[in-house]
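Each chain carries a letter (A, B, C, D and E) given by its place in the written order, and its residues are counted from 1.
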Amino acid sequence: DAPLLSKVPPGTVLTIGDPVTQKALEVSGLGKELSFEVKWANISGGPQTSEAFRAHALDVGSVAEIPSIFANWNNLPVRNIAYRERRDPIANPIYRFGIAPGAAIKTLADFRGKRIAFSPGQAQGTLVLRALHAAGLKSGDVTLVELPSTSDVYPKALASKQVDIAPLGGVYIRRYITQYGPDGATLVEHGLRDDPSHLYAPQWVLDDPAKAAALAEYVGLWARATEWVNRNPDLWIKEYYVGQQGLSQEDGEYLVKLNGEQVVPSDWSEVKKRHQETIDLLADELGYKSFNVEQIFDNRFEKLGAAALAKSQ
Amino acid sequence: MAPHPGKLKPATKAVHVRNLARRFATKTILDGVDLDIEEGEFVALLGRSGSGKSTFLRALAGLDHGVEGTGTLETPESLSVVFQDARLLPWRTVIQNVTLGLRGSSGQEAGRKALAEVGLAGRETAWPNQLSGGEQQRVALARSLVREPALLLADEPFGALDALTRLKMHDLLRELCARHRPAVLLVTHDVDEAISLADRILVLDEGRLIEDLKIDLPTPRDHGDPSFAQTRIHLLSRLGVELPGRKAA
Amino acid sequence: MATTWDADEAKLSRSSGGRIVRAGSRLVKPAGSAGPRARRRLGPGPAIPFGLQIGPALLVLTWVVGSALGWIDPRILSAPWTVAEAFVRLIEQGRLQDNFVTSATRALLGLSIGLLIGTILAVIAGLSRIGEALIDGPVQIKRAIPTLALIPLLILWFGIGESMKVTTIALAVIVPIYIHTHNALRSIDSRYVELAETLRMSQKDFVLQVVLPGALPGFLLGLRFAVTLCWVSLVVVEQINATSGLGYMIDLARNYGQTDVILVGLVVYVLLGLVSDGLVRLLERRVLSWRRTLAN
Amino acid sequence: MATTWDADEAKLSRSSGGRIVRAGSRLVKPAGSAGPRARRRLGPGPAIPFGLQIGPALLVLTWVVGSALGWIDPRILSAPWTVAEAFVRLIEQGRLQDNFVTSATRALLGLSIGLLIGTILAVIAGLSRIGEALIDGPVQIKRAIPTLALIPLLILWFGIGESMKVTTIALAVIVPIYIHTHNALRSIDSRYVELAETLRMSQKDFVLQVVLPGALPGFLLGLRFAVTLCWVSLVVVEQINATSGLGYMIDLARNYGQTDVILVGLVVYVLLGLVSDGLVRLLERRVLSWRRTLAN
Amino acid sequence: MAPHPGKLKPATKAVHVRNLARRFATKTILDGVDLDIEEGEFVALLGRSGSGKSTFLRALAGLDHGVEGTGTLETPESLSVVFQDARLLPWRTVIQNVTLGLRGSSGQEAGRKALAEVGLAGRETAWPNQLSGGEQQRVALARSLVREPALLLADEPFGALDALTRLKMHDLLRELCARHRPAVLLVTHDVDEAISLADRILVLDEGRLIEDLKIDLPTPRDHGDPSFAQTRIHLLSRLGVELPGRKAA
């Protein structure tokens, strides 16, 4: 890989699909520091982001760990260029397993023989596989019920006892327990790390020196925006959750608490190790060919986030 | 108009109409028509184009839902209409059109016989749009005759027929009347036809029946008979044709 | 043993001898009022005032009563008043209006473009075999592909901006407009075509006086599908890079499980659908006033 | 200065004095062959053999040539041979057949149920104002709500098993069948209704001989929409608890970004759509043979 | 049949037909018809219902796309057809139906005038289905006349008209013929009408023209004239009506 340019050439335009950071940059005022032109796209989620990449309609997106893996298995060369995680990941997981009312399931080991909602290709689906793996189970030991994880399909499926177990995230965790707790609905912690969050970009963008330089600058701002959100939860709730996303103050507070604090490490060796395990697991379970994790990380960007944070403080 | 539903006429009247009025928007078409037709009586109705003959027939048949008007009407329930247009269902074959609503194989048989009587044997499975204008009209006639109604309302049923076929259809109609004695109200533009078929001839003009003429000629009626010719001249004059030396078609 | 069939101002009775008696006066009001009925009427009879609103009203009633009496679990279907509150809240915040305006712009733009293209394609394919050979197949192909599965391709060709959204809606609208208009056109009675041929009409007159008015009933039925389609398509297109719009609002609410907001969205959809369809039906009644059908 | 208009076996010429001359013999083959044309024909003329296949064939040709010459980026649209390979691979693995059988079962079951219910509802609503008041609104509401948004409710009522899938498809099918049949029914010429009234037909005969055959052209147009809808709906319903099926195959491939498998799925959809539509059109030609329209 | 497109007849022939044959499936309707009509000549065509009169007219008008057959046909390009059914576009008003395809305000004016001539002034904006049968037929007539064609093909244009209206329409047609001298081919079932209007009368039977009779009576023709009566009897016999003492309608 060619070394990154130190300055973004004039006339560079970057299309960025990272709506949360977009809002953080706007509220914090950090956005004014961008030295190149940005076109914001309100695109999130792996399949959509990858589709936009394929169409050359997007230069960089913000997702969890899975999309870059599947993209590389399916002829879309992409690489992660930034990574952040939660301060205390086990205590602040993104997902918890919702248990249908009346199903006697207390630990991962009780999953044997149960019906589990499964969305292949999405983070929740991978989490199910990893949880089974952690409990020493194979996917054949349970019934995987394929359901899209969108909307309230999972809570509804649990409540109507169509499945015994389903990974829940965000406000759905709390809502599920408040609504169906009285009927006997419970939650099970998986004790796994489900917190990785990446920026990733197609190889052809990374090969463009001008765009790569712009990405480098963006990674720095992205890290600072992350830090800004950590420090200004009240403003963030007001501007983002309530103001933009239309949630109640209460929901906003809950989500901020649930997310905990996000940190940008300056070293990727840990995450790469875990990532490799995931790749191997998925390759094994879904019949793909495993590959080396280095193929999907662009090491030129490894230090940039943490460095920008250090510099700004 | 006050309704008189209680005053039922004796059953020998097939049609009993009092003070019938019908209007389209501002145009009054029928304006107080009174008429009685005896059972088995053959009445012909003449009138200019647009004088309201079809409107009157539709009122008798009870088809003028939603047309403004007043009056009392009494008709047998078993009536049959030959419309001015042949009105064959385009999606049913000829025989299906004739036997529409009839049940069983006896209906089929009767339909086939009626078709043969109007000269269309062998055309049973043709579609209506494969028939000539006169053929369509004859199918419509067959459809009405096969039902043997107590009252036959026929709106120019022979308009599209040539002289020979028309004579045959006259004979057919006479025969049917002799057999079942239905009351008949026949709308026609042909004065000779009216005179040679009807017991009584009405002329409709400006919303009223301006003529009600009993025909007392012997049957079969001779067109050359002087009283026939006189009746013709009288009726034509009532229709506005006053050309001595020039006989209307 | 006379049976009275109709007590409306006049009498229709059946006497014992199988006779029908009708008497009395009737004044026909402009439309749809029932006069004395002559014989058993086989059609549906005159329209019930606001008849089409009865079904939806009953549904709403069921919802209200069911929720009030606790038959409907509010976790499954929010109560009407919860939805009403959300409605008011969204309007106070200005969100509903904003989203509506964005969506309406997209939907109506897509609808207009689709209408125009669909009609033109239908006329070309209807009047020329070569046009049909080139146009009909691709339209059928478009129709056979689920919009969801088409989105990736549309993104490829039109990017992720407004043009992709409007194009998707227009493409959705083209299908019913084309198919209905083409079908109606091809179904025009050949007798009228013959007439036009003997009148030595120009192709333009033929299209404007015979073909289009003759195909109008079919076109209007297509329009009824098109007007709801343009709203329904929003849910799909506004998943892609939208920051406002009704579809986006519902999507966002689904992410956060805001069932009341979702229901507000659906209620708005239903209202839009019913109103659009109602408008087309009104138009239908006006421009097809020459027809005498089972309906009137 | 005679212009020859048609060289097929016979001559039609225009002589200088504005006269039309036609001569020669013609033998009309069963359908659609061109005889000498009399005057400028305003209709589309006789059908081109396999005309409807020309458009799709051209599209495929463009795809093949574009890919072969490198005009089409294979990352954006896989080359036909890549898709063909995937096709062969999927068939060898038995996946395509299995998925097809599962999907076809669901689709055809949903189609049959939807057809039956839709037709019955249309007849009831078409012939009775009360029926219309109760049925029409709910159908319009169903149609105004995007299927995607309806899925959570359907899960609640019908679970996530086969019955939910078949119900969803049937509900989708009901809409075009109902609307087309209802519309066609209401559009039946009142002259035929009058005729039926004077013939003292039973309600049953009226429905079977007048209403249904008269509404058949509309019903068949609805059927054309229904047969593609039942396939298209698979993409939505097979997201839910499916382990096989064409929709499932596409969904899975979309989640993983397997563009070649998506394309195989789309090609299968297109084939299914074209074949289904073609079958209905064939049926149309046979059962509507009594019609004389612009088309023939 | 060998085509003879080169052998154009001299321009004084309005219609030139040789050896015309038409078949529906196995049924031969026209079987070698030859006919010449001079410019300005008025020809009436008689024949039984189903004998092929409309088929012949449609062949002349060039409307029988897809009907099997042979023969040579030559007609002026400017021809106009009054169909056996009125064939009004139901979605156009009466005046729009009359002026269909005509341009500009002169077309409108002519249309209005033609409507008045057929007795329908004031009904311009009515829909066709608001007219009586005879009124519809008159609109169709007005539509044809307003075009002043070189050849007028009329298929029973007076079939639904009463005696008086029919006489008026006869006068109208005569007047038009005197003014523009079109060739006319009139299909009618009314033998008297044929005799009183036509220069020549044809009878079609079993696919051939079995009669071609020049009428040399002075105009206006007197129905009482013995040679008129004789011609009538002759023609009726050609149509199969042979009842001495009984005159056909």
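Keep this in mind: a residue touches a chain if its C-beta (ideal position, glycine included) is under 8 Å from a C-beta of that chain, and two chains touch if they have at least 3 such contacts.
Source: prediction; values computed, not measured.
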For chain C, the least number of touch steps when starting out from chain B: 1
Separation of chain D from chain A in steps, with touching chains one step apart: 1
Which of D-E and B-D has more C-beta contact pairs: D-E
Mean-CA-position distance for chain E and chain D (Å): 45
Separation of mean Cα positions, chain E and chain B [Å, integer]: 27
Chain C and chain E: spacing of chain centres that average the CA atoms, whole Å: 47
Rounded Å distance, chain A centre to chain B centre (Cα mean): 85
For chain B, residues contacting two or more additional chains: 61-63, 77-78, 85
Contacts with two or more other chains, residues of chain D listed in rising order: 39, 41, 46, 76, 156, 191, 196-198, 200-201, 210, 254, 259, 291-292, 296
Residues of chain A whose C-beta touches two or more other chains: 51, 54-55, 151-152, 156
Chains touching one another, given as label pairs in label order: A-C, A-D, B-C, B-D, B-E, C-D, C-E, D-E
Complex contact set, residues of chain B against chain C: 1-5, 8, 11, 61-78, 150
Touching residues on chain C, where the partner in the complex is chain D: 39-48, 51-59, 76-77, 126-130, 132-138, 140-141, 143-146, 148-149, 152-153, 156, 176, 179-180, 183, 185-191, 193, 196-198, 200-201, 203, 206, 210-211, 217, 221, 224-225, 228, 231-232, 235-236, 250, 262, 265-266, 269-270, 272-274, 277, 291-296
In the complex with chain C, residue positions of chain A that touch it: 17, 19, 41-43, 48, 51-52, 54-55, 57-58, 150-152, 155-156, 159, 170-172, 175, 179-180, 245-247, 251
Complex contacts: residues of chain C adjacent to chain B: 2, 10-11, 13-15, 17-28, 33, 35, 37-39, 41, 46, 296
Residue ranges of chain D touching chain B (in the complex, touch as defined): 191-192, 194-202, 205, 209-210, 213-214, 216, 289-292
